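Structures given as structure tokens follow.
Next, two complexes with chain A in common: one pairs it with chain B, the other with chain C.
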Partner chain A sequence: METVLKKAKLSRNDIDYVMATGYGRRNFDPANGELSELSCHAKGVLFTNPQVRTIIDIGGQDAKVLRINDKGILENFMMNDKCAAGTGRFLDVMANILQMPVNELEKRAELAEKPAKISSTCTVFAESEVISQLATGETVENVIAGICNSVASRVAGLAKRVGIKEEVFMSGGVAQNGGVRKALEKELKVPIKWSETSQMMGALGAAISAYEQVKKRGVLNE
Partner chain B sequence: MSNEVKKKSPPDPNSAKFKLGKIATDAYVDAQAAKDRGEMIGWCSSNFPVEIPETLGLAVCYPENQAAGIAARGGGERLCNVSEDDGYSNDICAYARINLAYAKIKDTPEQNMPEPDFLLCCNNICNCMIKWYENLAKDLNIPMIIIDIPFNPDYDVSDAQVAYVKAQFMEAIKQLEELTGKKWTEEKFQEVMEYSGRTSRAWLAATSEAKHTPSPFNGFDLLNHMAVMVTARGKKEAAEAMEVLHKEYLENVETGNSTFRGEEKHRIIFEGIACWPYLRATSTGLKSRGINMVTTIYADAFGFIYDDFDGMVKAYCNVPNAMNLEHARDKRVKLIKENHVEGLLVHTNRSCKLWSGFMAEMSRQIAAECEIPHVAFDGDQADPRNFSEAQYETRVQGLTEIMESKKGGC
Partner chain C sequence: MSGLKESLQKFHKIASSPKEQLKNYLAQDKKVVICAPVYTPEEIVHAMGMVPMGTWGADIEIKEAKTYFPAFICSVMQSVLELGIRGEFEGASAIIIPSLCDSLKCLGENWKSSVKNIPFIPMVYPQNRKADFGKAFTKAGYERVIADLEKATGQSFDDAKLTESIAIYNEHNAIMRQLSDCLNDYPEITAVDRNAIFQSAFYMEKSEHTALVKDLISELTKTEKTANNKIKIVTTGILVDAEDLLKILDDNDMQIVADNVASESRQYHVDAKPAETALDSLSCKFADMDNCSVLFNVDKAIAQYTVGLVSKYQANGVIFVMTKFCDPEEFDYVMIKKACAEKNIPLLLVEIDRQMTNYEQVRTAVETFKEILK
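Moving on, here comes the complex of A and B:
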């Protein structure tokens, strides 16, 4: 927190309310309140794109699909089960095997001629599958496209259970990966919006929520 | 400042909690006493018609009840490992793995039960039960009596189904008479039926008091009390204890008290078997947010009301895991509407493929009809390796935030 304040040239006294979110939200002592990343992603995305009705958030630890009602309120959600397949961690593991940074995956996926078939049920099994595909002469590009399809197919299953309602927006770190985004658009047959700041939507939502709390109290630092 | 340690006040022996707890504990003691007297005793699956051993005067123990107790006291993983070392897959029901392990090692610090002389199995709860009991029968070299009540794809129970199952009830009685030397009498059956009816009516009445806001009880109470509904429904003490429970809930309604501690901010229905190894974590996750689990399908499912033998047969064909999706959905919708439920929390129980399997579609239909949010979490009724508290917390918090926003907060 000190690093963030220093960068922003602020002190703790300049902050009226700290809202924590994410899996560590309950263990962050300086926080005044905590809100699940579900609500935070919904708030962040709706603040920037009020017409969105379905949010697909693929982060490091989990993947979730949020449905927003016509009043702009989160009304239901679906999350992945315990397996890391379909999450950002899956892509990290795969990038590691391929010995390339995770942000390289998108460019290489675009060069694929015929995406390889990669299992979508288990990260560890998928890892051994990637190794054996490469060993049998499959191109790296085809394997990467297969990896993106694998994430997309798993998350598309969640999205279909929640029910897709346009517009659809993708938040979370994996939104940066065009390979996954395009595979998802193909699976769901809808355009998917995203932004360069997709990964910040949870933090933005937490900040908005903190602002709402301060407004409720009626005292704002000038 | 003194180091005084607060002592828990002794339980009131006239309270329903004490009486119901005693009935559950006595079941093991009575079975052991019968065994010590040289009588034959059985192990029995949870939805086998309890009226049959009760009328014959046979003591039985319930492996599912024992497995839940072992899991709640921290022994689930240890016993699951014993079974897995013997070759049982960790994909099968953890109650089965725990019980098959217990049948082998015959002693646990958590909960012992006497070795059986016969097995009573009914597949109206799941088909895993059949293989589980067949293996027990082979390992222990004892007879197994099975009643086949198949999953009913139709909404109602047909006369043909009643006739098919009734013939098996009659055969089971005959087999048990021959095996144990005990005799079925109509007079004793009438008595058991009367107590079963009294117990069931009191249970339904007690659980229906959740219609009041706030509810006079914490729904987690039901997860404990239902053990008596499953195993001891036909006993006089069970009828009396359930009537005390209803009276206590009525008094709570009048005085505004509740066994749910704290402010009841939200009311949910919980779906699935309790996550016994993490009962505290799952309960605290709700209580800390002011969520009372006011009802579960158990509130409806264990109210066995019938007037005669055929009625009893029909009741056993109509238990939750044997009925079709539409019927099961309507029962839950009724509970949700009657008890002013605002959210649905589903335990995707790795042990129970049948129950968890149909919940995805049923949750969708319930949420659409009742306009409530629904959330599922991964867990297991007895294997602690299948639950993550952080994942549970996030889902419950998300559910809470949706319920709050629907009320205009958050």
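Moving on, here comes the complex of A and C:
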């Protein structure tokens, strides 16, 4: 927090309310309040894209699908089960096997001629599948496209359980990966919006929520 | 210490120390028969002068049971076997394991190979339990259990004694139903407390548990009722006894106003009614049971039953606690989800198993669900 404040040339006294979100939210002592990252993502996305009704948030360790009603209120959601398949962790593991940075996956996936079939059931199984595919001469690009399809297939299953309602927005770090985005569009047969700041939607939502708290309290630090 | 706190502590103590309970009964020269989930004819064991002690496994690290089970199977079954291998049931005269799901069938067969000093007694139930042939099949299963118990323990069976035991069990069923409703007026009784009351029932002779529950109700009625601002929820699933999960519900001001959980209220839905013999009465009781994922029902009545609970208890939503790898529950989830959606009842699915050490994902889901309910 000190680093962030220093960078913004602010002190703790300049901040009226700190809202913590994410899995570590309960352990962040300087926070005045805490809010689940699902609620924060919903707030953040709706603030920037009020017409969005479905949010697909794929983060480092889990995947979530949120549905918003016409009043802009979160009405339903699903989270992935206890498995890394369909999450950013899955992409990290695969990038590690392929010995390339995770942000290179998108570029290489675009060069694929025929995506390989990679299991969407289990990260550990998929890891051995990727190695086997490479060993049998499959191109790295086809394998990467298969990996993106695998993540998309898993998350699409989750999204269909919640029910897709347009517009659809992708938040979280994996939104940066065009390979997964395009594969998801194909699976769900809907266009998927995203932004360069998709990864920041949770933080934005937390900030909005903190602002609401301060407004409720009626004392805004000038 | 107030009478209410003292009363609650008794349940907590028993719920947290089943091995101690087993030792106590053995020290009183009583024979104990372990009863595995889901529905085991405890009344028969009781009528034969022994203590039926239920087990739903425990939240433990599963090591030895992995020699016998594949990784992707219900952890309730795995942990029951683990406890057996570790000697947690040492001194018990037998274990009865019903065949109500595929995992339970595996548990019985694995038990034979891995826990040789406690005989395994199977209870084979019919899929079609309501027709006369189904009742006859159930009765034949009970007769097999009786024969096996006589052989394993040297105790004998008497139908007249079973009539007495059935009366004790029916009284316990009634008091548990009364308790579940009564707790709704006392939001200070936490989800953790509620679970301790239900869980302790498995480790005690039912007449003793009935007496404790009566005391608790009496203490509750002496307590002044306070305003109830909690979020009312209905829980459904096989097992909802993880303290970390229940604490999350308490932290989020949620009150379980009714449940359709196999290890809780599903045990007490149906009483045995008088019949030609006490054993017929018990067979008919099983035929009358419903609203459980392991009890075949072509109409999937469990879905409407869940919706009915929400309406009856004016609950704000349903939490479906899915025990990982429980196939029957996974089938029923779809029906329940659809039925709730039709009535605009918010439903949260959380997945648990016996080996969970971190509940943060569940916390996130429950907190978000609370936001929706608000």
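Just so we're on the same page, the second predicted complex is superposed on the first by the 222 of 222 C-alpha atoms of A that agree within 3 Å, B and C clash if a C-alpha of one lies under 4 Å from a C-alpha of the other, contacts with A are read in each partner's own complex, and residues count from 1 in each chain.
Here is the rule we go by: a residue touches a chain if its C-beta (ideal position, glycine included) is under 8 Å from a C-beta of that chain, and two chains touch if they have at least 3 such contacts.
Because the structure is predicted, anything quoted here is derived from the model rather than measured.
With the C-alpha superposition on chain A as described, chain C and chain B clash in the combined arrangement.
Of the two partner chains placed by superposition, chain B and chain C are both touched by A:Asp62. Applying the stated contact rule after C-alpha superposition, one finds that A:Glu75 touches each of chain B and chain C. Taken together, the two structures place residues 23, 26, 35-39, 62, 73-79, 81-82 of chain A in contact with chain B in one case and with chain C in the other. Chain C contributes residues 324, 346, 349, 351, 353, 360-361, 363-365, 367-368, 371-372 to its touches with chain A in the complex. Those residues of chain B that touch chain A in the complex are listed here as 348, 360, 364, 367, 373-376, 378, 386, 388, 390-391, 393-395, 397-398, 401-402, 405-406, 410. Listed in rising order, the residues of chain A touching chain B in the complex are 23, 26, 35-39, 62, 73-79, 81-82, 161. Contact residues on chain A toward chain C in their complex (touch as defined above): 23, 26, 35-39, 62, 73-79, 81-82.
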